[in-house]
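The following pair of complexes shares a single chain, chain A, combined with chain B in the former and chain C in the latter.
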Partner chain A sequence: MVAQPKLDALNARLDALTQSAGGGWLGAAREDALGRLKAVGLPHRRDEYWRYTDPSALVSVAPAAGGEDEEADPFDEIDCFEITIEDGEPSWRGDLPEGIDIGSVAQEGSADIHWARDIYGVLEAAGSRPVTRSLAMLNTAFATDGLLLHVHGTVDMPIHIRYVGGGDPILHHCVKIDSQASVTLLESGYPGARFNTVMEVDIADGGACDHIRIQGRGADRHANTHLFARLGSESAFKSFTLSQNGTLTRNEAVLDLTGDDASAHVAGAAIGANAFHHDDTVFVTHGALNCESRQVFKKVLRDGATGVFQGKILVKEGAQKTDGYQISQSLLLDDDSVFLAKPELEIYADDVACSHGSTTGAIDETALFYLRSRGVPRKDAEDLLVLSFLAEAVEEIADEELRQHVTDLLEGWLRD
Partner chain B sequence: MTALDEKIREGVDRETVEQVKALSGTYKHGWNTEIEMEYAPKGLSEDIVRLISEKNDEPEWMTDWRLAAYRRWVGMTEPKWAMVQYPEIDFQDQYYYARPASMTEKPKSLDEVDPKLLETYQKLGIPLKEQAILAGVEPAPEDRKVAVDAVFDSVSVGTTFKAELAKAGVIFCSISEAIKEHPELVKKYLGSVVPQSDNYYATLNSAVFSDGSFVYIPKGVRCPMELSTYFRINAENTGQFERTLIIADEGSYVSYLEGCTAPQRDTAQLHAAVVEIVVLDDAEVKYSTVQNWFPGDETGKGGIYNFVTKRADCRGARSKVMWTQVETGSAVTWKYPSCILRGDDSQGEFYSIAIANNFQQADTGTKMVHLGKNTKSRIVSKGISAGKAQNTYRGLVSMHPKAKDSRNYTQCDSLLIGSECGAHTVPYIEVKNNSSRVEHEATTSKVDDDQLFYCRSRGMDEEEAVALVVNGFCKEVLQALPMEFAMEAQQLVAISLEGSVG
Partner chain C sequence: MLEIKNLHVKLEEEDKAILKGVDLTVEAGKVHAIMGPNGSGKSTLSYVLSGRDGYEVTDGGASLEGEDILEMEPEERAAAGLFLAFQYPVEIPGVGNMTFLRTAVNAQRKARGEEELSAGEFLKVIRAKAKDLKIDADMLKRPVNVGFSGGEKKRNEILQMAMLEPKMCILDETDSGLDVDAMKLVADGVNALRGEGRAFLVITHYQRLLDHIKPDVVHIMADGRIVKTGGPELALEVETNGYGDLLESA
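== the complex of A and B ==
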């Protein structure tokens, strides 16, 4: 039973939204999600999974005012296939690379039969248990559009999803990766005042997906992103996110290892100052034998910025030989910044090696002194130490060129 | 029985060790004392609260304090966030007060106490006669003594070594006595660490606590002996709600031990205690617990539901608290001994071993709240799960903005024995200044095959080998225990795991 204040908040929010027309597979998924949402209501500060992040800006009827991002696209120099989503509408030009089909939710939602029927809202619903993810449910029910990517071979060029424009978009992507197929997905630019995305990635046996996301430096961003991945046997999923600034960013990743010998890595590097509030919420479920997972999250905070990490490794009964690793670290560059962490383990199998670590502290004065004594100016020395602190997360990017690109970008950001 | 046997029986450890050997594998304190009891009517109401207050002959302010707590409690709901599951507790189907009939007139000295009660404690290995205790294997020095306050169901049956403690200025008595004889101290400190409204079970305890221990160590006094409380639940369907209040005045030191057992019964029993510790400037308190309530049988029937609130307030500068706990009993454990590090340079430590076997469920941990400058805390938690048990570490480390230059180190290790049990870690880390350093590490693994193989190849059977490896796993915590408890705890570790291998 949803309490009255929650119900009022939900009704106010729902009144401001219109569910897009369309029967077919999409209509059914939307109805289902709306039903689930109505049963739980919108998140509230008092909910356990929102104890460190106030969701009011994400659930309010209208978004707070936000400016547009004037930055050049961070992946400009990378040779890739670009899909632009402007003001919530996707478009792409030119010949598709081999091994991938691209469609959109708005155009293909009314069909009776579509592969996306087995993914859209399905992974989200599975990932909303046992943790309630109301904003993902809201997304499934009200997304105006999104991409349908079907990867059936080895795509030799990264697929770049680039967001431009403003507004308050709700977007829902589905990615289906066939057996032995592989793709690299890039995401960049989160303009506008508020942004709610869901990306569901279903990887069949032996498939692979690398996901690299740069959330930019827009100071006014309010973003709530959800990544749901289901991994088959011997499949691999890697996701890395780089963020700077933004008023409120909550990145949720829900990874479900359902096949034996699968591997899932999720990493993030965030730098923020002032009103910056950055939240990484991760839930990794080991449901098969001999799987491996890694969570690496690093945050550098100054001038009253807040960093949040909520990570969980769940090892189900029978998921023997699991190797689960989780690290969350923050560097507080001054006394006003805050780091809040809840790194959890929930383990029901005995033959496992799971560990987590979390540290918080100031920059190492000895290292700083060493660099300064070698003639490095204070600011440069600090940047160098910040960069080396973030390196463990950046190293989670498998592709060497992209890794170098992100490192260069980060260096540039620190220098500005 | 020879004179030598008689002598050994006076010793806590030796006694325990003997019984452990004789009864290995079964819960050794599961017997029940046949004794005439006096109960308050079943159920909970304002009248029952008044009755408890009346039975304890309390002044009006105490009755009012209890009633205020009861009224709050009525409007509260049971917390559900812990990873434990148990059938709903019917709070009206409990006795909130039970005392041996012979205690209606409080005995003036231990000589007047019902011999049956004394026998009970004798059997548990708790010496209520004022004799020095043989501690461990080595002969103890002459002055090695432990003063005991024994609580049987709802009342304290006696406190030993009172006179000797009084010489040092130490007050050690039951809390019901303290309410009458030292009202100024009780009024000042009761509820000041764990307020009435703290949580569901603490509020319930505030309303119905029947007895418990009270300790006051005056300025600059190093308590001449270890103090100890022994809790025994005997009556059926009776909840035990004891309240302990320890005040360590400036520059004082005390080491306090707590032990608990209950008979083996089919129905679950409730235990909701509150322990409050106030530590002033430069004082130090060591609080050690060996919790061995009846854990329920191999099928999960019966056992104690243990909902305990323990908190120490390091109010003074340079004050220090050390919690050490060995949690082997109870069907359900819900317990988070905490430290509020308010004074500058104060220190809090938490060492814990939690063992859950069969159908036991333990959700335990600590809170370290750093408020003062340059405060330090250390958490070492070892959780062991076997059978179908669930064992959760839940903890909070909080560095407030003003707690400059503070340090925390947390280590939580979990060991799984068998494929049907669970081990969980739920830490909360909140850092609000940058001059403090917080480190948290947690690992989960199974008993190392190589180590087991090594032990087996030296001729140990599998259970012995597991017990040895587990004892090694717990070593850091066992070492933090006072000698009286360390040996008993080691044996308990082995015993609690019996039947979990093979």
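== the complex of A and C ==
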């Protein structure tokens, strides 16, 4: 039973939303999500899962006023297939690369039969079972559009989802990766002053997905993103997110290792100052034999910024030979910033290796002196040490060209 | 070149005097060695000269080519021509050795109003110098000092020195942790840089480094002061008799 204030907040929020028309597989998924949402209500600071991040700006009826992302395309120099989502509407041009079909939720939602029926809201619902994820439910119920990507071969060029425009969009993407198929997904920009995105990635046996996201550095960003991945046997999923600034960012990643010998990595590098509040919340479930998972999160905070990390590794009964690793670290550049970390391990198998660590520290004075004694001015020396600190997260990008590209981008951001 | 006058230094955090009136003049083109027992203040002297935090100069001063360096930031001292080869070179994960060196070289050139080296020019210079020190391409690419052996770290210090072309080089126990072959390699690197008016201050516990880097002048430091100065024979005396006799007679 949802308490009255929560119910009022939910009703106010729902009144401001319109559920898109349409029956088909999408209609059913939306109804289901709305039902689940009504049973739990919207998140509140008092909820344990939102203890370190106040969700009020994410659940309010209207978003705070905010500018648009005026950042140049960060993947400009990368040869990729671009899908633009402008003011919430996806479009793409030219011949698709081999190995992928692209559609949109708005156009294909009314079909009676569609592969997305087994993914849309399904991974989200599974991920919302151990922990309430109301904003993901809200997304499933009210998303106005999103991409349906079906990867059935080796896509030899990254697919770049580029957000531009403004408003308060709710977008929901589904990615289906067939057995032995692989793709690199890039995401950049942000779709509005406030946005709520869900991406569900279903990877069949032996499939692979690399996901690299650049959330930009707009100061007004209010973001709530969810990434749900379900991994089959011998499949691999890697996700990396870079963000700077932003007022409130909560990136949730829910990774479910369901087949033996699968590997899931999720990493993030974030830099912020002042009102910056950045929250990475991760839930990795090991449900099969001999799987490997890795979480690497680094935050650089100054002038009163706040960083949050909530990361969990759940090893189910029978998930023997699990290798789980988690590290969350913050670099505080002054005394006013705060880093809150909640690492959790829950293990029901007896033959596993799981480790976690969390550290908070200041810049290494000896290293700073070393660089300065070589003639590097203080600010540049600090920037190099910030890059050094973030490197372990950036190194999670498998592709060398993309990794170098992100490093160069980061260097440029630090210099600006 | 380097002139230190009546230098008194204490730790910033506590009331503990470390240097108690150091007087030392190093002329251009000369190699001076400072020897002394543990805790005599040798490393502190090198840190104070290069501008490390944590020390307070209570009296006296130091100048490089007539310029007061104690008021300068560490990077300004470097641009003025001072270089400290660290006893324990610092590891910097995630920053390529090459990136670090190019940043340093160009920062100094910029500070001196010289044009920055292009990536191509830089590469040409560093390849030649690295080869002399037996530093391979892989070591240049790897993160600064990460996973380097003791010898590799010290060679990397000398490579930095060769690239930055300082006027006044301070070597802080560069021989520590080195085997004979590595010490020879490091010494060869240093000797190659001798001349052209470049001065060296070599800090060491032992005489053996001075077999390879022949000093013009040897100073003995004890309890925060230079207690004895002489020629290379002074280093041999230390090797034979230890510091005890010397300090008593001083």
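The definition used in the following text is that the second predicted complex is superposed on the first by the 415 of 416 C-alpha atoms of A that agree within 3 Å, B and C clash if a C-alpha of one lies under 4 Å from a C-alpha of the other, contacts with A are read in each partner's own complex, and residues count from 1 in each chain.
The working rule: contacts are C-beta pairs under 8 Å (C-beta built on N, C-alpha and C of every residue); 3 or more make two chains touch, one makes a residue touch a chain.
Note that the structure is a prediction, hence the values are computed from the model and not measured.
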Simultaneous placement of chain C and chain B on chain A, clash or fit: fit
More chain A residues in contact - chain B or chain C: B
First (chain B), second (chain C), both or neither touched by A:L96: neither
First (chain B), second (chain C), both or neither touched by A:F339: first
Contacts of A:S330 with chain B and chain C, given as first, second, both or neither: first
Which of chain B and chain C A:V376 touches, first, second, both or neither: second
Partner chain in contact with A:A39 - chain B first, chain C second, else both or neither: neither
Inter-centroid angle chain B-chain A-chain C after superposition on A [Cα, multiple of 10°]: 80
Which of chain B and chain C A:A391 touches, first, second, both or neither: second
First (chain B), second (chain C), both or neither touched by A:T366: second
Touching partner for A:A64 - first (chain B), second (chain C), both, neither: neither
Superposition-derived minimum Cα distance between chain C and chain B (Å): 14
Doubly contacted chain A residues - partners chain C and chain B: none
Contact set on chain B toward chain A in their complex: 81, 83, 401, 404, 414, 416-446
Residue ranges of chain A touching chain C (in the complex, touch as defined): 364-367, 369-378, 380-381, 384-385, 387-392, 394-395
Residue ranges of chain C touching chain A (in the complex, touch as defined): 50-53, 73-75, 77-79, 83-84, 86, 89-90, 92-95, 100, 103-105, 107-108, 111, 143, 160, 164
Chain A - residues contacting chain B, complex: 48, 317-318, 320, 330, 332-362
